[in-house]
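Just dropping this structure here.
Labels run A, B, C and D following the written order; every chain starts at residue 1.
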Amino acid sequence: MDSNRLEAFSDGVFAVAITLLALDLAIGGPGPHQPTLAAKLADHWPAFFAYAVSFATIGIIWVNHHTLCKNFSEIDRTLLFINLLLLFFVVCIPFATSTIAAYLRADGGQSSLAAVIYQGVLEGMSISFTLLFWWAISREHLRDPLTPDQARRATIRFGIGQAGYIIGIGIAFASAIASLALSGIVAIYHIFEQTPVRPKAPPDQGTPATPAT
Amino acid sequence: MDSNRLEAFSDGVFAVAITLLALDLAIGGPGPHQPTLAAKLADHWPAFFAYAVSFATIGIIWVNHHTLCKNFSEIDRTLLFINLLLLFFVVCIPFATSTIAAYLRADGGQSSLAAVIYQGVLEGMSISFTLLFWWAISREHLRDPLTPDQARRATIRFGIGQAGYIIGIGIAFASAIASLALSGIVAIYHIFEQTPVRPKAPPDQGTPATPAT
Amino acid sequence: MDSNRLEAFSDGVFAVAITLLALDLAIGGPGPHQPTLAAKLADHWPAFFAYAVSFATIGIIWVNHHTLCKNFSEIDRTLLFINLLLLFFVVCIPFATSTIAAYLRADGGQSSLAAVIYQGVLEGMSISFTLLFWWAISREHLRDPLTPDQARRATIRFGIGQAGYIIGIGIAFASAIASLALSGIVAIYHIFEQTPVRPKAPPDQGTPATPAT
Amino acid sequence: MDSNRLEAFSDGVFAVAITLLALDLAIGGPGPHQPTLAAKLADHWPAFFAYAVSFATIGIIWVNHHTLCKNFSEIDRTLLFINLLLLFFVVCIPFATSTIAAYLRADGGQSSLAAVIYQGVLEGMSISFTLLFWWAISREHLRDPLTPDQARRATIRFGIGQAGYIIGIGIAFASAIASLALSGIVAIYHIFEQTPVRPKAPPDQGTPATPAT
């Protein structure tokens, strides 16, 4: 199977990015003029909130990437570069997360700017994933090709996810917190809405489905 | 085999988290008003202690994860998300470790709070692992299914581990150091008590066991 | 296949290095005497510029490494050490990137020095990759050996890439920004110019090509 | 093959540790009271020196680990924990490296202490690797078992490597720089002296050797 190394490298990037997220949770040690640990933790809630949303987002894009890749029958050079574009945005997520965590309560439009950056990075990731998906189905690189109906439903589903991030950009101008919360809701939406690659073989098919791996 | 990529991503997260633990060992360079290296190292013992306990804990959960995963016959989407929940807590361990190391000797209940957070993260990890185990045995996703007796013994064993972390939360209010030490003991307990997945085929079986890989 | 672990380790290093690049994007939180987020981001453009160039460079060397490795029929100890030399330079890229980002606008020849270091690291990486390629073709370690004509064209192509970095060193003395931009152009050049390992079997061959994996 | 995941996790740890080494190369940005970049780089030579030695050391232990693991016919639980012990020391290397780099020129015995810690970590890593090797040959877990003569030669070779680190501890009290240089020499020694696992099948054997993977 040819997609092994694409997955290995991508998994490495996903794993490092998701683990680096937690570096921003760090709070300094105790000191003479420092607030107590409890006060620091309470004050630090934007970091925990942003961490949870970003963890869920990277986790879900990993699950969907996994579901898509194991259905690839062939990897061409264009696919590798679209995948790199996806990873470019994934690698930006820890930066976007620490920025929104630091500026979530800042005034003068700074929180909105941080939220716009955050949503922009997620939107970039989502568009890259959609490109990956489209390239795969348009070049018939899938082991279990989608029916036109499945492809249509998948496109609608991707559109909903991306619309979520675009609405998130709009909401960012009103409230950075609401915008970040929306990203959390989009993540939860993706948990229950599966990327429709590799459908189960319908029971009326007489021949056994192609083995998946 | 379908669990390859689940393992690859999980291994990546485990590997990054376990290696990031050591970042907190760092002590600053020499300087005009700095204590000597020996004094700094002696003063820095909570970081070394917390590092050793957390390394052992992540190491053991990795070994058990490895033992469980190689027995999975099928990975479904729910399993992927339970696994993400497990990784969520694993990724929190470097944060919890640096917090308890920094506050282990702080007063005013701060050390207890740090220890409660630490034990809470380990408890969350342990519960997630138990969920992973239960899901696998309840859906008959194991290549070598457990006998009811083995499943009962495994549940008891998981319970002991989790009870250890819950007791650790209780002890945290009396002594953060004792609580951290207890986590070290739980880790050592898990070294000698194996997750009972993939039992050896009993010698009285007439047919050869299913090959493991 | 013997190159599995060479690739797994290399992928790990590539993945960590490419993800660490983004750590330098971090900007501090808001504060009483701090400029606004927008001002900080605008002032921070060298970090974003250097990040984009370095991401593209590591991404492309990964794609080429992937293309080369999957054609290896045998890995010997020398190959492992040449690969380590390549990784030595890859690991240096986050350092070189943060240095050029910090000094891109510094005066007194400091920006030139930073750009020379940056180009030197990329040149070292490029030379190591060429060594890897030469060792593989000279020892006939390739599953699909190159024709002399293909090997010649490949050598010319590597030469162009390396010349780019050497010219980049020269340009660094005039303008660090132009030098960094040139590295970006070299990266884009490599996107469209493929490492010519594993050519497609010409259509006039009567026998099917050796399967790739 | 059963050693896949042991290798994947170990490779992850090796890859992260070797890449984190370079984080200590970072030098701050320019500033009003800062020395120039050239002066900073010149002053920073212990970090570059320590980085080179540690990179070579981790790189070589990875090559030897790779050579050993691919000959494992079976992984038992004890082997997993010996491997974790090895990784424990590998994960300590970035800490030991940054400490020796920071204190290489410090006085009052501090440089010696830093060098003793550094050599101690390398010695711990080396002993763990020898344990891994002994466990594998004593339990006959190797696919290509060693002849008694080969095992004896291997033991001598490991002994030379470990003696190097122990001498390094002794030299540390006289000169931390010489001690660090000795570790570099040990690394170079290991490049040319191969772990003698998986010998080539002698030509007089009538039956073909067991395939390696």
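The working rule: a contact is a pair of C-beta atoms (placed from the backbone, for glycine too) under 8 Å apart; a residue touches a chain by one contact, two chains touch by 3 or more.
Since we're looking at a predicted model, the values are computed, not measured.
Chemist: What rotation angle takes the CA atoms of subunit A onto those of subunit B? Round to the nearest 5 degrees.
Modeler: Value: 90 degrees, nearest 5.
Chemist: If you average the Cα atoms per chain, which one ends up farthest from subunit B?
Modeler: Most remote chain from subunit B, centroid-wise, comes out as C.
Chemist: Is it true that over half of the residue numbers where subunit C touches subunit D are used by both copies, so same, or is it different?
Modeler: different
Chemist: Please report how many Å separate the Cα centroid of subunit A from that of subunit C, as a whole number.
Modeler: 26
Chemist: Which subunit A residues reach two or more other chains?
Modeler: Residues 8, 11-12, 15-16, 20 of subunit A each touch two or more of the other chains.
Chemist: Would you pull the subunit A residues touching subunit C in the complex into a rising list?
Modeler: Listed in rising order, the residues of subunit A that touch subunit C are 1-2, 5-6, 8-9, 11-13, 15-17, 20, 77, 80-81, 84, 87-88, 91-92, 94-95, 98-99, 102-103, 106, 108-110, 113-114, 117.
Chemist: Touching residues of subunit D toward subunit C in the complex: what are they?
Modeler: Result: residues 7-8, 11-12, 14-16, 18-23, 25-30, 36-38, 41, 55, 59, 62-63, 66, 69-70, 191, 194, 212-213 of subunit D touch subunit C.
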